[in-house]
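Each of the next two complexes has chain A plus one more chain, namely chain B in the first and chain C in the second.
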Partner chain A sequence: MPVLTINGTEVEVDRGTTLLKAAAVAGYEVPHFCYHPALSSPANCRMCLVEVEGAPKLMPGCYNQVNDGMIVHTESDRVKRARKAVLEFILVNHPVDCPICDKAGECKLQDYYFAYDAQESRMRAEKQHKVKVYPIGPRVVYDGERCILCTRCIRFCEEITGTGELTLADRGDKAEVRTFPGQDLDNDYSLCTVDVCPVGALTSRDFRFKRRVWLLTSTDSVCTGCEMGCNIHLDHFRNTTERYRPRYNPAVNDYWMCDDGRLSYKALNEGRLEHPMLNGAQATWHTIAGAAASKLAAVIEKNGASSVGFVISPQATSEDLFLAKMFAETAIGEGVRLFINGNDPGSSDELLIRADKNPNRAGARLVFGGLDGVGDASALADALEAGELEAVYMMGTELGAARGRVEAGLDDVGLFVLQAAHQGGVLLDAAHVALPAATHAEKRGTFVNCDAVVQTVDQAYPPNADALPDWQIFMKVAGAMGHKLPFTFLRQIQDRMFEASEAPEPEETATEEAPAPAE
Partner chain B sequence: MEEKYLSRHFGIDKAYNLDVYEQQGGYSTLPKAFAMDTDAIIAEMKKSNLRGRGGAGFPTGVKWGFMPRDSDVEKYLVVNADEGEPGTFKDRMIMELDPHRLIEGCVMTAWALGLRTGYIFVRGELQLAIRRLEVAIKQAYEKGYLGKNVLGKGLDFDLYVHSSAGAYICGEETGLIEGLEGKPGQPRMKPPFPAIVGVFNKPTLVNNVETIAAVPFILEHGGEHWASMGIERNGGPKLYGLSGHINKPGVYEAPSGITVRELLERFGGGMREGSDLKAFIPGGSSCAVLLPESLDAQMGFETLREAGSSMGTGCITFMDQTTCMVRLSARLAHFYHHESCGQCTPCREGTGWAYKVLNAIEAGQGTPDDLALIQDMITGIAGNTICAHGDSLVIPVRSYIEKFGQEFEDHVQNKRCPFPRWRKMRNTQRMSA
Partner chain C sequence: MALEFSDKSEDKFNEIVARYPDTHAALLPVLLLAQSEFGWVSVEVMDYVATRLNLNPAKVLSTATFYTMYNKQPVGKCHIQVCTTLSCALNRGYELLELFEDRLEINVGETTHDYGYTLSEVECLAACGTAPMFQVTWSDGEIEYFEDIDPDKIDGVLEKLNARLSDLPDTRRMH
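Presenting the complex of A and B:
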């Protein structure tokens, strides 16, 4: 393997490594705009120029590869002068409208300007004017003047999605990113172009002007839009989730996530079940647990556990499902009818979108030792129509196409306990007891994705209003029924669960194992 | 007067027709070339000291030697006929007046290096050249000089004319290759060089029109004969395009190593009456400007480098005392700004900015800081770009400021251009940014 010296530090890297990556190994960040670790390197921004002893010109670190014995300087005066010149050139026609730019605060151009340039503009002439606020696609807006023409978005659409909607039109300082005639930037991953954009040229129409990014707090989480479980930064402000951004994980989603998943954050904020409800009236946890327990106990005593339908959710975390299992086995008892609800299958593709639109069916399978005897939502509807159930205890509100039939059937049951984060429309009206649950933004837990990767979500903020994590609700109700479940902390549940299910414990996320190459 | 080679047919009526070309002895060297093998031909080319005529002056024989020899790999010939440098107009003469010379050179090159397909990438504005080439290629196909089994020697060679869209940057060989592939003309990063990864990612030989047109003579008379018409490391006669404030502007053939003075006086007819030579650009607009004291410099790549400029395309522009050097540099900056492909930052933004500042100085709106700014700015462009387009602005502008700095300072101090005639023209001639 070639050994080279970078700023006096000797490093040994694989043949074919670029100077930029080798410098990262030596502990030096080489600033760059157009280079992205998941995309090809056109070397067009010229920000990553480094000095190689013996070479007449500076070399782009993202393109040139290491040679044995190379002596590289990434912080020499010559390199610094070139960086400063490149930044000044980029800013020649840049509008510098940071105060109204959504990217401000997470903009590479801003960061690099302060780090490597920090001089007053010497440009006195009129700047080049280009297209502003151009709706380049249904979810993305383009600002030609802010664009630094790094072509990351173009390469993303060519190399990752393969859709190739974007191109560079015109030349020189009039060049702009455009779609081909008759096309929109409308692929399933179009919002990733906003992530890869190093400046504020591409902005999300959903997030535009919503929040200054430095007000957001970011929590590591997982998208619940499908069973892929793309890793995300969950960005929130005052206990409200404002956006998802993909978080690098080479084992799952690399740097990307789909638009549907990204916009699924809205469900965290809308239509929430806020308070415990008893027969349509607001109640407290103090009264509701006892009410739910006594009603449930009465049904079980009268008709047996087999008249109770217990519906688990593939949207719930594995810990919640583990408690659901214990609850069903101890508080309801042998013979309980198990069902699993969830969203209906949808579209899928080769990249990240999976057909099963639930994040944790694999987790449910592990916790329950398979789901063979567990009926789906339409089986639940069948059982309701046949009058086989006296009581239904349901987690979550996702019922898919069977929703109408289930809702109709619930009118006739003697007891319907709804334990969910959302009101679920008619479901709340039908519920005799409604128990507000926390979303995955409001609690810790694990999901198991379609490739059996066990992934942790962190609590971003405390549960909304009176909501509690599902596992705590199960403990309350079970306790009121006289079955004390022996847990105080989530970690205790996890210990028991991983012991019981023989599932691998969640690995520390890849971002912590090895530093991801800087985007 | 010496024997003519490259311009031999320029004065002959309808020499662009195959029958006239054949009467003059055209295509008669082909059998001789076909009797030689690759090594022999490359050896002759190396002996000839022929340097690439497109501007960079790379030894042609050495370039040919870089082409891979394995016969089963698809390899391409590309003739760079995208002649667009301001002040350069020699290749169009060959294509318009003697297109079969170029075709004959292509066939020989194809034979030498085992190339199956060739493209002549012609600048879109050169409509006559394109038409003449197309007709000539059709005639050559009919006579069996192109196509399957040329002259029964087993060479299959197809030749096509590709009309460019008129972008200067497509004269850069990798920009040309991108354009030929139907993509925007944006130069590629090098290495890899076209000899390894060229058109359609296959090995490709890119040569200038005049370079290829010289091949039949070199193979006919031998490399040593060609080298004898020149100086050390610069062989053979060459077409020189003379323009500017001279009596007889035009394209003239003369040996390599001829002095600029001889070209000006013997061929160009000297400066016009009332004109004194102020400066000259020896090889197209991207070369550094030279003062009259350098008139005795020889036209060769090394000799002109010693004189502080470069040979470029060998097309010389002579300027008299009425030329405003600030205006000239602003006009050049305008050109290089307009033609910048927009791919990499320093050239894309720097050329436009340089134009704006130079234009402001010319218009009398410059400040004393502007001169330092320009120097600083072009230093930021120099060498930091993907291709040489940025440097093509840096080199001349730097030389104008170096040699005519006082003129720039006068513009700034007096807040006006001291050349009234030029100022008038500025109002009539649009120079939009």
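Presenting the complex of A and C:
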């Protein structure tokens, strides 16, 4: 393998490695705009120019490959001067409207300006004016003046989604990113163009002007939009999630995520069940646990455990599902009728979107040792219509197409306990006991994706209002029923949660070997 | 109205496409062919070319807007392109341009009201030995060089050009 020297550090890298990547191995970041590790390298921004001894000119590091014995300088005066000159060129027509730009704070141009340029403009000519606030697609807005024409978004649409909506039109200082007239940037991953945009040229119509990014706190999490479980940065301001951004994980989603998943963060903030509710009246956890316990115990005593329908949710974490299993087995007892609710299957594609719109069905399978004999929402509706259930204990509010039938059926049951993060409309009205649960932003937990990748979500902020993680709610109610479940810490649950199946190897969400190449 | 190449252009189209390894490479000559057939390169024309070459229309847009010789708006029946690069500049090329502006009562880059003439200033057309010169693109697609022009005899030149106008199609109505 070629051995080369970068800024005095000798590194050995694979043949075919670019200078930029080799520099990263040696611990040096080469600034770049147009290069993106998942896309082709057009070497058009010239920001990554590095000095190779013996070469007459500076070479683009994103494109040129290593040779044995190369001596490369990425921080020499000549390189720094080139960077400054490139930035001065890029800034000739850039509006520098950072104070009103959503990208400010996470903008490559802004960062590099302070790192390498940091001088007042010497341009005295008027700047070229181009299109502003152009809705280039239903979810993305384009600003031609901020655009530095790196073509990352164009290459994303060509190379990743294969849809090719975007192109560079006109030339020189009139060049702009455009779609063919009559076409929109409307693919299922269009918001990824906002991520790859190194400046504020493409902004999310959903996130525009909502929050300065430096006010956001970012927590590593997993998207719950489908069973793919794309890794995300969950960006939140105080206790509100304001956006998802994809987080690099080559085993799952690479650098991308779909628009539907990205916008699914809204559910974390809307329609939440805030307080424990007993027959429609607000209650405390102490009274509600006791009430739920005595009501449930009464039904079990009178009609047996087989008259209780226990509905688990494929939206819940594996920890919560394990406690659900313990609860069903010990507190309700042998013969309990198990059901699983969840969102109906939807569209899927070859890239990231999977048909099962629930993040943890695979986890539920592992926790319960398979889901054979566990009815779906329509089986629950059938059982309700047949009058087989005296009580229903349900996690979550996702019922899919069976919603109407289940709602109608719930009117006739003697006891309906709803344990959910959301009110679920009529479901809350029907609930005799409603227990507010935390969302995946508000607790730690484990999801298992469709490819059996075990992924953890971190707690971004404390649960909303009175909400608690599902596993703690199960402990409370079981305790009130006289079945103390032997857990104090989440770790104790995690050690046991997959005991019904052969435990899958936990896979770290972050990359192990090479550091993630800078985007 | 769906666009369609005439039989003659269709033959040419097939000839061009056969000449290149892939259809993307044939884009430039096919756009020129389409321009002479349809008068100017409208969005419909780009779309038609994209369909015929099985290319992403965005690619065609990119190419057509990059090159200035594809007219993205209708031009006059007689598109006068005056060379003002070195040899012509030294041999009264600019004067020629100004005289055309004066006689046609338009500025460079503009088109007369009746879409008879469009006047452009262009870079070297490789006729430096016979400067000053200009090229005319007629709306039927024919390209003609007018070399060794004496700016003092501009009116005679214009008379010659005028004589041809009545036989030519109006680019605005070519598709």
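Convention: the second predicted complex is superposed on the first by the 509 of 519 C-alpha atoms of A that agree within 3 Å, B and C clash if a C-alpha of one lies under 4 Å from a C-alpha of the other, contacts with A are read in each partner's own complex, and residues count from 1 in each chain.
FYI, contacts are C-beta pairs under 8 Å (C-beta built on N, C-alpha and C of every residue); 3 or more make two chains touch, one makes a residue touch a chain.
Note that the structure is a prediction, hence the values are computed from the model and not measured.
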item	value
First (chain B), second (chain C), both or neither touched by A:Pro181	second
First (chain B), second (chain C), both or neither touched by A:Arg171	both
Contacts of A:Ile100 with chain B and chain C, given as first, second, both or neither	neither
Which superposed partner A:Phe89 touches (first chain B, second chain C, both, neither)	first
Partner chain(s) touched by A:Ala386 [first = chain B, second = chain C, both, neither]	neither
Comparison of chain B and chain C by chain A residues contacted	B
Chain C-contacting residues of chain A that also contact chain B	167-168, 170-171
Of all residues in chain A, those that touch chain B in their complex	42-47, 49, 56-58, 60, 63, 81-82, 84-86, 88-90, 92-93, 122-126, 128, 148-149, 167-168, 170-175
In the complex with chain A, residue positions of chain B that touch it	167, 169, 184, 189, 337-346, 348-353, 356-357, 360, 369, 373, 376-377, 379-381, 383-386, 433
Residues of chain A that touch chain C when the two form their complex	164-171, 178-183
Of all residues in chain C, those that touch chain A in their complex	43, 46-47, 56-62, 65-66
